[in-house]
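Sharing a structure here in structure tokens format.
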């Protein structure tokens, strides 16, 4: 029985889960602090949450120079996880910055909001550093359950209720697929460790053609594609994105999506490497479908929040292109792209947060008529984010797309790259239309005074800096994304 | 290390942009910022005429690391062709600021965008790194979009969006070609780079035609060549005066310049094979747009079509693959920039006085505003190619050169010039002569407008009478280019 | 291989036997005074006839959820108690962390008033 003790002691390495541990401690402390704060007072909570993120960032960054492994190969804080963690932290931080005034305005100053974001981020971190299917699944659940609550946070709003319930029901359903897939793969290989699965399949090539392996791969893909919001599992996205509180929408479209992508990358490339032929052909089709569906439906939207929701689907499609390429440029392109997308999308949402009035009925194209001249700072910022989302050079969006499409071309998927570029061309139209309304149309109504709240303004400024930094001198971050790869 | 003059050239307008945005509540200061930075660019580019080229034809070269992981570098280089283009940009931008001196609507933003546009154009003329080139190429689009969309007249939104989608759609294909070429070269040599000189060594094999097509579509939309030209008349019709000036005088030239700097040297064999096709398109465009110009009643649209027609002659000069023709084509670009720019400037002056651009509602200008009319006549005949004025010197070189290599095309093109006489004379007749519509009085030029047009007129005369100083820096680059495409005997 | 299932079969046998025995013996030796309520099907104390769409108070759900959370705690504590000596200090600290997390939850629900019925 002594070896039980040994197992327990040897494999524990708190260093490997330090970032998420810190986040959880902060989250729990915040929960307690909240119940002792007077009702409706959430500002101190937001600051504590931000401090928590900064402290976490220090620990997450430590994994870059000094990779940590622990818990019997269940958790690895390697460069890959470290880079992903930074993406999550940025998306959580920008979200928290823009949230406080928003919650006050909408009349839901709920203290649990911030701890839930921290828990969701911790879940995302487990997904990124999980090297075992079970760890990844655990992370996914922590992330998802926090998001279900956050999406339905505005209890009195029908849309928010719908968002929460829809996301919960469909999310739970898709999780079932994922678990079933994990079970099947476990049945084939006898392990849930991602690297061991890869090794097993390498040494037993006969099992590659086994229907159980294929079915397991497909079911796992369904689970992740749902979380990513890829077509044809994207149906939940527009309603949830539109109904959820705006900062949460921003968060969902960046951080958790990146988490699902990086975990998917690890499982596919490390664990199911042998099936690459199968999953690339599957993802090829789905990537094209996702880009096209997202873009084409976005064209028709008049609500900007919903338009960004559909555009978020199409951006998931671009990211999948990198996964299809499955080479160095492509996969590091995913990391880079998700970071870039975090800045440009959260920035755009921060503008929406500031521009909206209570109930956010005015976030339509008509409501944005003449916005650029009435609110010069927000107008310029929004234009920068839209230009970046279009993928026009000097911005992060271009550098990201360049990287991903270069990966696809290098892997020989010329047509995929062509379709991706054509899709970018389609997307120009609806992003451009927002700019057309902002600058070229006469203002339809008299705008109320928009107070430029410090938090949201800071998040806009950070995003603008991020967009230009990644767009003009992307070299350093690109190099880091390449070093982050585990293969 | 030498002082980075080229970077300075690109940075000057950007600094102006920043100042204009910072002082957006003081439009008077913004005007001077704009004029100051454009003048500085002009002065520096004039000084650059005194430089001597090295053996590869470069007058200046600058090279800084940019994105090391991709092998992209911040490489700027200037040869004789880019020198002319940069000087033209500097000159026309000063004029653009001058003719929009009394911009009322959002003046600070207007100047800021105008300067941002200049920076992008200068960048395109100076880079030799393909990724950086693409960056500047797209950087020109956004300011132009806003210039048309915010300050345009009439159907400005439609025109702005059309302009944007056309040119960006074309350049996306170019982007794919750039990536393809980059990877192809990297796989062959192991050296992943965007440097023009290195990429010229690439053996593209079966891909060459596709890559060349990708580049050419991006450039031909910009030139524009029939049938990709439909965005241009719309954009010109609605654009503000300075926007039209930049569009016709500079943006179109970036297309031709791109072909000379990138498409031809990168794929010389395919380029040589495609020359008859280009010549054919150029000729069709020449006639078609001349005919369109003749039918217009809106004088601005008429000049816009004439612009496409002139670019047809330029493209013919490119297609002729002959030393004299190519020099002529480049010279014609400069001349066209001056004369068409002047025409657009005068149309906007006319519009400010009369409130209309409709030929039917104009007339009798000669008696009302003699100074204006003199200038109008001067630039009009310069535009149709009267000997001694700017366009003639360019056109005659193109035709002389083209007769040596493709006589049939050249002969047909000369006929096209007669068309030009037809629509220009119709324009002159409609505006200057005839009866003045009753109840209107049209004041003559102000001193500021007079100086602006006077400067353009001096340039036009100089280019027409003594183009040698402008042809001299072209000798070596043109020879180098033709060596690649096999155009030298 | 099948031998290992023997205890289960025995257990099933005993369970079934017990049920059969009690039914038979209560029929044989028990008193019989049937009333309407006694003859009605057993529904855990709910009236068997009436609308099935009854609204339950939210409080029941909250209590049920809290019950599960703190009940599961015991399930984890039990095996740890069995292995307490082997796991030593490390196990003790780990379990302390576990209880602390639950304690945070407990304070939270307490302060939120989830434990109060009214």
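Order of writing sets the chain letters: A, B and C. Residues in each chain are counted from 1.
In this section, a contact is a pair of C-beta atoms (placed from the backbone, for glycine too) under 8 Å apart; a residue touches a chain by one contact, two chains touch by 3 or more.
All values reported here derive from a predicted model rather than from experimental measurement.
**Q** Could you tell me which shape the graph of touching chains takes: line, ring, star, complete or other?
**A** Contact map by chain: line.
**Q** Need the central chain here, defined by C-alpha centroid distance to the all-chain C-alpha centroid.
**A** The most central chain here turns out to be A.
**Q** Just give me the whole-number Å value for how far the CA centre of chain A lies from that of chain B.
**A** The mean C-alpha positions of chain A and chain B differ by 44 Å.
**Q** Could you state the distance in Å from the CA-based centre of chain B to that of chain C?
**A** Using C-alpha averages as centres, the distance is 83 Å.
**Q** So, what's the distance in Å between the C-alpha centres of chain C and chain A?
**A** Taking the average C-alpha coordinate of chain A and of chain C, the gap between them is 40 Å.
**Q** Can you tell me which positions in chain B touch chain A when the two form their complex?
**A** 24, 65-70, 106, 131, 134-139, 141-142, 145-146, 149-150, 156-157, 160-161, 164-165, 168-169, 172-173, 175-176, 179-180, 182-183
**Q** Name, in rising order, each residue of chain C that touches chain A in their complex.
**A** Residue positions touching the partner: 83, 86-88, 90-91, 101, 104, 107-108, 111-112.
**Q** In the complex, go through chain A and note every residue touching chain C.
**A** The contact residues of chain A facing chain C are 1-2, 4-5, 8-9, 28, 31-32, 35-36.
**Q** Quick check: in the complex, which residue numbers of chain A touch chain B?
**A** 373, 376, 387, 392-394, 398, 402, 405-406, 409-410, 414, 417-418, 421-422, 424-425, 428-429, 432, 435-436, 439-441, 473-475, 478-479, 482
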